[in-house]
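Structures follow.
The following pair of complexes shares a single chain, chain A, combined with chain B in the former and chain C in the latter.
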Partner chain A sequence: MSDSLVSVKAVNKTYQRGGEKLVVLDDLSLEVPKGDFLALMGPSGSGKSTLLNLIGGLDTPTSGSVEVDGERLDALNSKALSKWRSSHVGFIFQFYNLLPVLTAFRNVELPLLLTKLSGSQRKQHVETALNIVSLADIVCDEPTGDLDRDTATDILNLLQILNRDHGKTILMVTHDPMAADSAKRILHLDKGKLTH
Partner chain B sequence: MYWVLIKASLFRKKIRTFLTIASISIAFLLFGLLNSMSAIFTGSMQGMAADIIMVMPKYNMLGTQPYSNVEYVRSLEGVEKVTHMTMLASDPLSSMFDGMIFAADGNLFDVYTRFQATEEHKEAMLQRPDGVLVGRLLADQKGFKIGDKIRTKATFKHEDGTFNWEFEVVGFYTVEQFTGDEMGIISNYKYIDDSRMTMKGTTGYIIAKVLSPELANSISIKIDKNFENSDRATRSGPENQLAMEMVGEFGDIELIMNLILSAVFFTILLVTGNTMSQAVRERTADLAVLKSIGYGDFQLFVSVMLEAFIIIFSGLILGLGITLLMIPLIVAASQDMLQDAIYLTSSAFTTAFLIGVLVSFVSSFMPARQALKLKVVDALAKG
Partner chain C sequence: MKQILAILGMNLRTILARSGSSIVIIIGIAGSVAVMVSLLAMAEGLSKTIANTGEEDRVLIFRDGANSELSSGIYVPNVSIIENMPGIRQSDEGPMISSELYTIIDLKKKGAEDTSNLPLRAVQQMSFKIRPELKIIEGQNFTPGRAEIIVGKGANDQYESLDIGDQIKVRDTLVTVVGIFATGGDVHESEIWADLAGAQGFFRRENSASIAIAQMESSSVITEFGVALELDPRLELRVQGEADFYSQQSSGASGVIEIFGYVVAIIMAIGAVFAALNTMYSAVSTRLVEIGTLRAVGFQGGSVLLALMIESMILALLGGLLGAGISYLIFNGYTVSTLASGSFTQTAFDFAVTGSIVSQGLILALIVGFLGGVLPARRAATQDITEALRAI
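After this line comes the complex of A and B, so read on.
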């Protein structure tokens, strides 16, 4: 059995724009071992976010397979993917995307509402921020893109702690070389292919 | 789970939510008020009986017909009891009050049981030719008491050569339902007819109680047929039906009401539909995030539908609640004349509930579907 948490094999992702076929990921394969902290870099339109979306279960490939923690995501339907996301993956969005009228506590509690936890259990989880730590892996799309340097450093330190001390596998898309330096390894994408 | 999502949506734009609920509540207030007053508009007032036939002059409802018509109606098979009333048209500027004085036969209370008086007062009226019974509502308003004199200037002459008529209050009458009928005065027909110089031997309305409601129509037709094409042509029918026909002569009130209500609810539909579409459009990023963290398509579909239901039913409860509070105020403002004429029936509540469900469903279906079909990746890309 492979030690990889993420296994992407011969994945293609294409979009149809009018009469034009747009190839975003071109026969891409990637293995991410458990406990890895991987930074994906590349120019705009290179397919970084698309790859992240496939690994996070937000999208499905046109062809090829995406397996995360032994689950074939490309074979799951929309409902099963939603369920999988709720229990396996945490997202850090570039623009935070918090629900504005809810308190920070309620925002953190939102994913827990989908579980069978009681109100007091949810409260405990939120208070100890275990909802983040308990997830198997974390995907981040430009997590520092909209932050000042000091806050960005704090976030990157936090990601390193989650990876180092809690064994979380982290996949991060970034344009920022400083952010990429926080990762254990860096991969570059261009025109839908891994270059190195 | 749903409540957290719905609360987040409702409180996102508090003023818009408030204004939407306010417009819906006004629409339901209008619905409630129109419905509560429908008895007045449609003539279907409580207490109007199906076994009471009214016979009136065909071409002038305030006109007269020969007293012999009363005898004819009394002679018909299926007619149980007959009485009659004549209205004393009066000059309001020269009279003590602007209410109606009716000259009625002695058996009025026996035939027309909606009107009631104590035996003592009925007897007092029979004993005194110029004695009158005053409607309780009118007596309360004008402060009439037993022994008071009531003077009025009628349009027909008294035998003394003047138009002045004087009566003495000997008692009061009440009306079981629709207390607006308590705004009149009942006098002795025999005294009026004996004392007037003109129009002797005529009466206004003939009121007949038939043995069963099923006979009312056929007897009415028979009466009208009998006087057809004569100078005493009549218009007859069951009291409740005739009242509706007479209101209908002013126009199809029910149709007008339905048109108003349709316009109102079409407006609610547009207001709510627009609000929900706008709200879902504004929340595209939020919905995408919720889907990202595991909320299912159907869960978000239900959440948007429930949000519309909550908005519409808040407006419904508020609107009908205000209606219920306003009814006693309207009755009080009418000085109790509308006591039994305005009310909300259980069918009005049921109709409002069904309208609420229908409008909620129709107005939120497309926005909810939009949430259902939302592609996370596209929505996140748009920010």
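After this line comes the complex of A and C, so read on.
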């Protein structure tokens, strides 16, 4: 068994727009070891969010394989992917995607409703703000994209703590060089291919 | 289940924030249900009134070939042949059979410009013995040989000039109202009654009547009695059980109203389905990111679908309850009259909003809620998650 948490092999992702075939990821392969903190950079439309979605189990490749923690995500159906996401991955969205009708507490608690934790256990998790790190590895799509500089620094420090002290593997898509500098590795995508 | 309840709870919390569009569903469905419940209550009321008329052990005797009292005619002296036939109950005053003349007079309904058909039944004194359910509730009974009438309480409610002491013109004769009667809510309460001998004079009918009514010893002798009477070549009459006759009369009139009720309700329900579709599509599109986020963190599409369906059906059920409630408050027990099929006369009856009718209204509401919710819910459940998340 390899040490890679994420293993992406010969992945293609294409979309059909009318008569035109749009290639978003082009024969892309990537290995992410456990405990890595990887920043994906690249111009808009380079395919970095699509790659993140494939690794996060939000989307499936047109061809190729995506394996995360020993699970072939490209072979799972929608229901199995939902279950996998609920127990293996946490998301930090660019616009937070908080549910406005829920309190902050309930927003944090929401993913825990999908676990077998009891009500009091969920409360404990939420109160200690450890729910995400206790359950999941983390994918972040522009986590600092909509934040002021000070708050962005706080978030990046938090991600570094989670990676360094809690051993969490983090994949982050960003346009922000400062955010990318927080990662252990930076990879660049362009036109659906890793450039370096 | 936990997933469905979590999503449903969140959706229901946003209903107040989306009160405008939610009210469109509720009001639209309430309208359909109110119309259907009201029309079915009308059909039910009419059916009950007519079908409640008549007893199993009484028979009506018509001219052979006649299928209503109005089209029937019998020769009164022939009744003396019938009264000696076996099966008719005997009383202290002789065989319990009575000839009745059934005809129509014109009278204005309260608040109406034009006149309507009011049924007049002219009876012999034995009719009161045969129909013990008839009670004089105000005034007194008419005196045979005098130009007097008694009025059913339904007719008294619906028509002008039918209070005690009022006089109305029957053909060329002025007759006086001397009493009001009730018959337990059946069709006779929409009639006025007069003495047969007098009425034969008003209408120049001499020895003829419309039908005869007879009290049988029991319902089991009716068939034998009917065969004997119908086989008698002197009479050319036919026999029908009284309850059977009125039940047959009710099915036509109430059936038409019932069909009309269903047709109108279905047409309105189609409109309500589109209102529900519009509202639920709008609810889904405004919550696309929320739904995408829920699915991203692991909530399953099926749970999203079911939660949205339940939300749509809860709104529909509220609409159904509102519509049925409005119909009940406004119409239950409301008295109207309508032209009865067969007799061409006005029959007064009360709307009856029954449990069964309310259930049918709620089923209609749930069907509308289901049809209005299923496509938007399916869209939400199958929407590509990454596209939903980009919908900010």
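Criterion: the second predicted complex is superposed on the first by the 195 of 196 C-alpha atoms of A that agree within 3 Å, B and C clash if a C-alpha of one lies under 4 Å from a C-alpha of the other, contacts with A are read in each partner's own complex, and residues count from 1 in each chain.
In the analysis below, a residue touches a chain if its C-beta (ideal position, glycine included) is under 8 Å from a C-beta of that chain, and two chains touch if they have at least 3 such contacts.
Model, not experiment: these values are computed from the prediction.
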Fit or clash between chain C and chain B when superposed on chain A: clash
Which superposed partner A:58 touches (first chain B, second chain C, both, neither): both
Which superposed partner A:78 touches (first chain B, second chain C, both, neither): both
Footprint overlap on chain A, comparing chain B with chain C: 49-50, 53, 56, 58-59, 78-79, 82-87, 91, 93, 95, 97, 99-102, 110-111, 113-114
Chain C to chain A touching residues, read off their complex: 2-3, 6, 10, 13-14, 17, 289-290, 292-302, 384-386, 389, 392
Chain C-touching residues of chain A, taken from the complex the two chains share: 49-50, 53, 56, 58-59, 78-79, 82-87, 91, 93, 95, 97, 99-102, 110-111, 113-114
Touching residues (chain side chain B, partner chain A) in the complex: 1, 4, 7-8, 11-12, 285-286, 288-298, 376-377, 380-381, 383
Contact set on chain A toward chain B in their complex: 49-50, 53, 56, 58-59, 78-79, 82-87, 91, 93, 95, 97, 99-102, 106, 109-111, 113-114, 141
